[in-house]
Amino acid sequence: MTYRPGRHFLQIPGPTNVPDRVLRAIDHATIDHRSGDFAELGRACLDGMKSIFQTLGPVVIFPSSGTGAWEAALVNTLSAGDKVLAFETGHFATLWVKMARNLGLIVDVIPGDWRHGADPARLEERLTADASHEINAVMVVHNETSTGTTSDIPAVRRAIDASRHPALLLVDTISSLACIDYRHQEWGVDVTVGGSQKGLMLPPGLGFNAIGAKAIEASKKSNLPKSFFQWADMLEANAKGFFPYTPSTNLLYGLREALQMLEEEGLPNVFRRHTRLAEATRRAARAWGLEMVPLVCAEYSNSLTALFVPAGFNEAALRALILERFNMSLGAGLGKLAGRAFRIGHLGDFSELMLAGTLAGVEMGLELAGIPHGKGGVDAALQYLVEA
Amino acid sequence: MTYRPGRHFLQIPGPTNVPDRVLRAIDHATIDHRSGDFAELGRACLDGMKSIFQTLGPVVIFPSSGTGAWEAALVNTLSAGDKVLAFETGHFATLWVKMARNLGLIVDVIPGDWRHGADPARLEERLTADASHEINAVMVVHNETSTGTTSDIPAVRRAIDASRHPALLLVDTISSLACIDYRHQEWGVDVTVGGSQKGLMLPPGLGFNAIGAKAIEASKKSNLPKSFFQWADMLEANAKGFFPYTPSTNLLYGLREALQMLEEEGLPNVFRRHTRLAEATRRAARAWGLEMVPLVCAEYSNSLTALFVPAGFNEAALRALILERFNMSLGAGLGKLAGRAFRIGHLGDFSELMLAGTLAGVEMGLELAGIPHGKGGVDAALQYLVEA
Amino acid sequence: MTYRPGRHFLQIPGPTNVPDRVLRAIDHATIDHRSGDFAELGRACLDGMKSIFQTLGPVVIFPSSGTGAWEAALVNTLSAGDKVLAFETGHFATLWVKMARNLGLIVDVIPGDWRHGADPARLEERLTADASHEINAVMVVHNETSTGTTSDIPAVRRAIDASRHPALLLVDTISSLACIDYRHQEWGVDVTVGGSQKGLMLPPGLGFNAIGAKAIEASKKSNLPKSFFQWADMLEANAKGFFPYTPSTNLLYGLREALQMLEEEGLPNVFRRHTRLAEATRRAARAWGLEMVPLVCAEYSNSLTALFVPAGFNEAALRALILERFNMSLGAGLGKLAGRAFRIGHLGDFSELMLAGTLAGVEMGLELAGIPHGKGGVDAALQYLVEA
Amino acid sequence: MTYRPGRHFLQIPGPTNVPDRVLRAIDHATIDHRSGDFAELGRACLDGMKSIFQTLGPVVIFPSSGTGAWEAALVNTLSAGDKVLAFETGHFATLWVKMARNLGLIVDVIPGDWRHGADPARLEERLTADASHEINAVMVVHNETSTGTTSDIPAVRRAIDASRHPALLLVDTISSLACIDYRHQEWGVDVTVGGSQKGLMLPPGLGFNAIGAKAIEASKKSNLPKSFFQWADMLEANAKGFFPYTPSTNLLYGLREALQMLEEEGLPNVFRRHTRLAEATRRAARAWGLEMVPLVCAEYSNSLTALFVPAGFNEAALRALILERFNMSLGAGLGKLAGRAFRIGHLGDFSELMLAGTLAGVEMGLELAGIPHGKGGVDAALQYLVEA
């Protein structure tokens, strides 16, 4: 390890900067996962997560990544050969599709250009056309981490309802949970998938499912093989604050602390803060004249901003320069955006001044990389922050 | 949290006492899992784990518990309806069987009394009888965490070889890895399963598979649905020090530090230390006159010691008293040993004086619980430690 | 750094084992020492220390060792050429005398054999004989860290009162504070000196003075040069929770946490625990047949126990062996006890099982060093702990 | 504690932002300060500090603040009634004078306007005029933390030499050490004073003296009362890596780590970085049109920048607004600058992006406070950073 002065700016769209309170909470002696003290911890985490997902129903916590929670959503609700409908909103939506296929599901993908959210109208069409109700579930990514595009989940729900189709609605909120308003219960989502390393401000290592009543029912008929990610044993053990196998005790310490912090700030304030910092980022982007990946304003993500570099330039080179010169990590272009668009994470434990530093790093990086751009991005962001 | 003076003695057979160096290593800012710094970390962990498993072949690391690593061993090597042979050596062997069945495998269990390790002779019989080679794999728990009984893996291997049977050998070393000598490669094991929270001295949250060449071959034909636990993507990404999805970065910091510490002590010394502390524990047990769960001396575990309480007494009450009075957690009787036997963990970051405190807590607990026992258990242990 | 398995047993009579909660509290970002947040911290520490000293009057906190707090007690209350009366109770009493002389005071020392506390009768004689009241202060060490001997402060106070002498009473409680009952106000002490690294369970780095009204009066006339240790500026800034120069912010975080922990346990319980663990230690010592340094039972310290090794043996060799073999630090023989007596610290964040480990280390060390001793020290201690 | 999103920006001119590596190093179990392990730690710190002060002579380390190290410099070299010459360069110079007077020294102060460094010409005059060599020492603050003005120490030395005066040269480098090039030995300084909480990136709690040969000689004749701050005992114990009383062990862990980090970066790079970030700050200040406190460019500090607010505005209100709105602490106007000038700390563990965030906070604060200022301060800084 060689000392690089100052804090690293971890401005990828997750893992995010983990606050000291969380890291220090994790840094405590591991306790007996069958003890009364553990049961208190377990309950605090399980209950607290309900308020984050905005649901009264159960939330389960896996010692896994968000990817594991994707798998849990599928294997608990579906059976071999089941049909699933998905939207090609970006890289992660595509990976989730790939996973579903690996697990033996038949996935019908509504194609997309990676610059739009899920289209409720097309969904309604498809579901209406599926008169025999062969489609068992609809998979939607709430916030595409690869493109910075948010899908309108209530509209998705309305489309399903309008088509009077019984398909389950499975939603990935990995990069929106605790950043962008999301209401598992009110919006009628059946399974919501989350991870620890984004808005929850934890290191990676925990995956979540918020589970609706209809999903519980579905799980009783699901025949996909499962054990580690099985809900039934989990829910039974959770009832007393325990887990069916050894949980990630120290990350749960961190989760308890993060939940406490989010409660201190208040979820509505958390969402307002993300909205505000995201808009400031977009002001900078406009000043720079860099094209945003999402094409529809209403779908701009408040967690991250993905920006194209002009033709002839490579985003990877820009990020490498910024990392080398300014000790800041930015998000790579993923999948078909590789080389073409980079991503600025502005989620989690983040503030105006951290954003100013972040945007300054991008602006100086553009200059040093010789990428044509308008000046004054940082200024535009600051101006917005002062006025808003 | 209410202050209880002094350190908690976490003497369950895992999670074990996590040393400060490891906790402090975990307590660092999360880094970009696609960065060059991460690749160094990834490689250090992946390479270091090879020496722990004593293999030159690949080791994969999942952000999961050891249970997840069990699942990985099965879903990567086997197909729906495959036959597996297992030994009923105790609670965890039984859980692994249950998992295999959940995953759609047909498990043939060689019954056991929970007081012996796997019997190589019976294995050879069974395999020899299986002339058509319908059995695809043999599952063995190296060290039964519920009984403190160790199975003789080289003898198991010889039994398979003697029967000229092609079944894969899958071994669980969750509570023996980095405690008791174990040689994945030399012993001809196909998949070895491990977890972070025992001899590796980490919090729970990482699962491991050491993978032999024959298992890699098997994985190419395996058709069990899998994604999170899939080896193929993992091995491909690991080649450059990366992971196919977000890894548990901060636990990997801890793993790197733990590997460094084990290297400083030297694995042979680690094994010798565990042997020595285990024998001292058994000297105490003999002085107390408490019956050990394992019946064969050669199978005594060096990680933990499971002891029956006399008829008419409940081990749970004893443990509750010891927790309340002496701030020490002991392992519960599990499965059919519940109420009848408790377990003393003496593995991981552990020393003579910590053992003395542990045994003192048990001895005082026996006295206070009114459990008939011989005096002088601590003394017998100390005498052994001084002389040996 | 080379890994030594298990926790180090830091059984010197201070610094003591710092609990995780305290270390983790210290491990937080330093804040502006002129901010409102700091003022809250400052007040919590200053107020909390009053309850520890059992006084309603002011306590000041120096970023220094306890030695610094000794100096503060002297330079704030006395003037060049003032006469001070002291007791030769041991090494630290002697060092305090040396300091007083360095500072230009004339010290009259009542000689002692390092095996008794301060003798109130001799004090009364001396003070009564000092009809012209030339003696300005009496210095007493409440708990001699070098000998494990406690002086009876109320009796000292009564002796001063009986002689109707106006001398100030200055008391060092460095190794008794928050271990052994001590009442600054009720006992009529004028200045009490404390440090952070013993019963307060902190690393070294803070020194304390509890200051009585008469000492405040004396400080107005004192002419010894002082600046860093001056009370006047300190008390003025403390009134608002601040300090006249940059305080040791991070150690104050630790102090706030330690005060919280002591409150959770309750000071009377803290004292009872120390009494109990000390008596258990003495039971072990008696079983070993090692002579205790203090000769009077009523003066046995509850913080530490100093034991002679038999003639012909060197305590330093014993300690070196125990450190090497058992990873435990014991206290050296100091001053004229060097080579002859070692010290077992049983203060601070300490419990029955830690004591059992400690005594086991001593007992095994005696055996390995070939020092003649009775067996069964640990047993005797455990027997006492079970019965008491 | 209520959660405020994002990291606090601690941009006072010390204590500075403590890097994680240092905090985590401090967060380890305290060890026996008489052990071999401690001696290694002690030597590493004592030796390492020599390279920081750029001297081959001894450095001593007190468990105190920098204020304590001021006192040590005086009480070890001077005697009651000695004459000292000082410069009124700002608040801290004035406090040091006050301390010297408290300690019984006669201080002759060369008046100043708090906007210039020490004037070598006036010094030479005074010393030349002091034909009888009544002046025993000259006190100079290398970097006035209250004004952001640096004095030219080689020129001060030359002035003393030119006057052929034997006075000792005592220099305070509390806010310049490990920020601005400083050479104790080459520049012929007799005692240099430092503290831990600035360029050394530690929490407050350690004070340093680098001691020249002439100062050692002077200390043998000095008669000011001293004990805690006495060099003689300290130097004797330090020879073996130990301390004459309990040192601040855990802060020494932090110091060892910080020394390692500074070595990794390389002191010349550390100085260059501070120069660069300071110049960027001044570019911002010029764009804002805020007047700098120092009047001479050559005396601009590279550790901090003090800026006047326009008449009619109060810097305290500006700082309060910035703290409330942007979670950043700036330095107060001290002494006669209170209300008139605020200070931006840009020292220690600090980088371009942290500076950008800092300057953004000031710029937005000026706007929100309605303080007339030029726009584009951040831009000017970034432009400089890109070009330089």
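We just call them A, B, C and D in the order they show up, numbering each chain from 1.
One rule holds in what follows: a contact is a pair of C-beta atoms (placed from the backbone, for glycine too) under 8 Å apart; a residue touches a chain by one contact, two chains touch by 3 or more.
This is a predicted model, so every value here is computed, not measured.
Q: Minimal path length between chain B and chain C through chains that touch?
A: Minimum number of steps from chain B to chain C: 1.
Q: When the contacting C-beta pairs are counted for B-D and for C-D, which pair yields the higher total?
A: Greater number of contacting C-beta pairs: C-D.
Q: Can you work out the whole-Å distance between the CA centroids of chain B and chain D?
A: 54
Q: Averaging only over C-alpha atoms, locate the centres of chain C and chain D and give their separation in whole Å.
A: 34
Q: Residues of chain C that touch two or more other chains: which are they?
A: Those would be 7, 17, 24, 27-29.
Q: How about chain C: which of its residues touch chain B in the complex?
A: Contacts found on chain C: 1-7, 9, 17, 19, 21, 27, 260-262, 264-265, 270, 273, 325-328, 349-361, 363-364, 367-368, 375-376, 378-379, 382, 385-386.
Q: Taking the complex as given, what residues does chain D use to touch chain B?
A: 20, 24, 27-29
Q: Report the residues of chain D in contact with chain C in the complex, numbered from low to high.
A: Against chain C, chain D makes touches at 7-8, 10, 12, 14-18, 23-24, 26-35, 62-68, 70-71, 75, 80, 98-99, 102-104, 195, 197, 203-205, 224-230, 245-251, 323, 329, 332.
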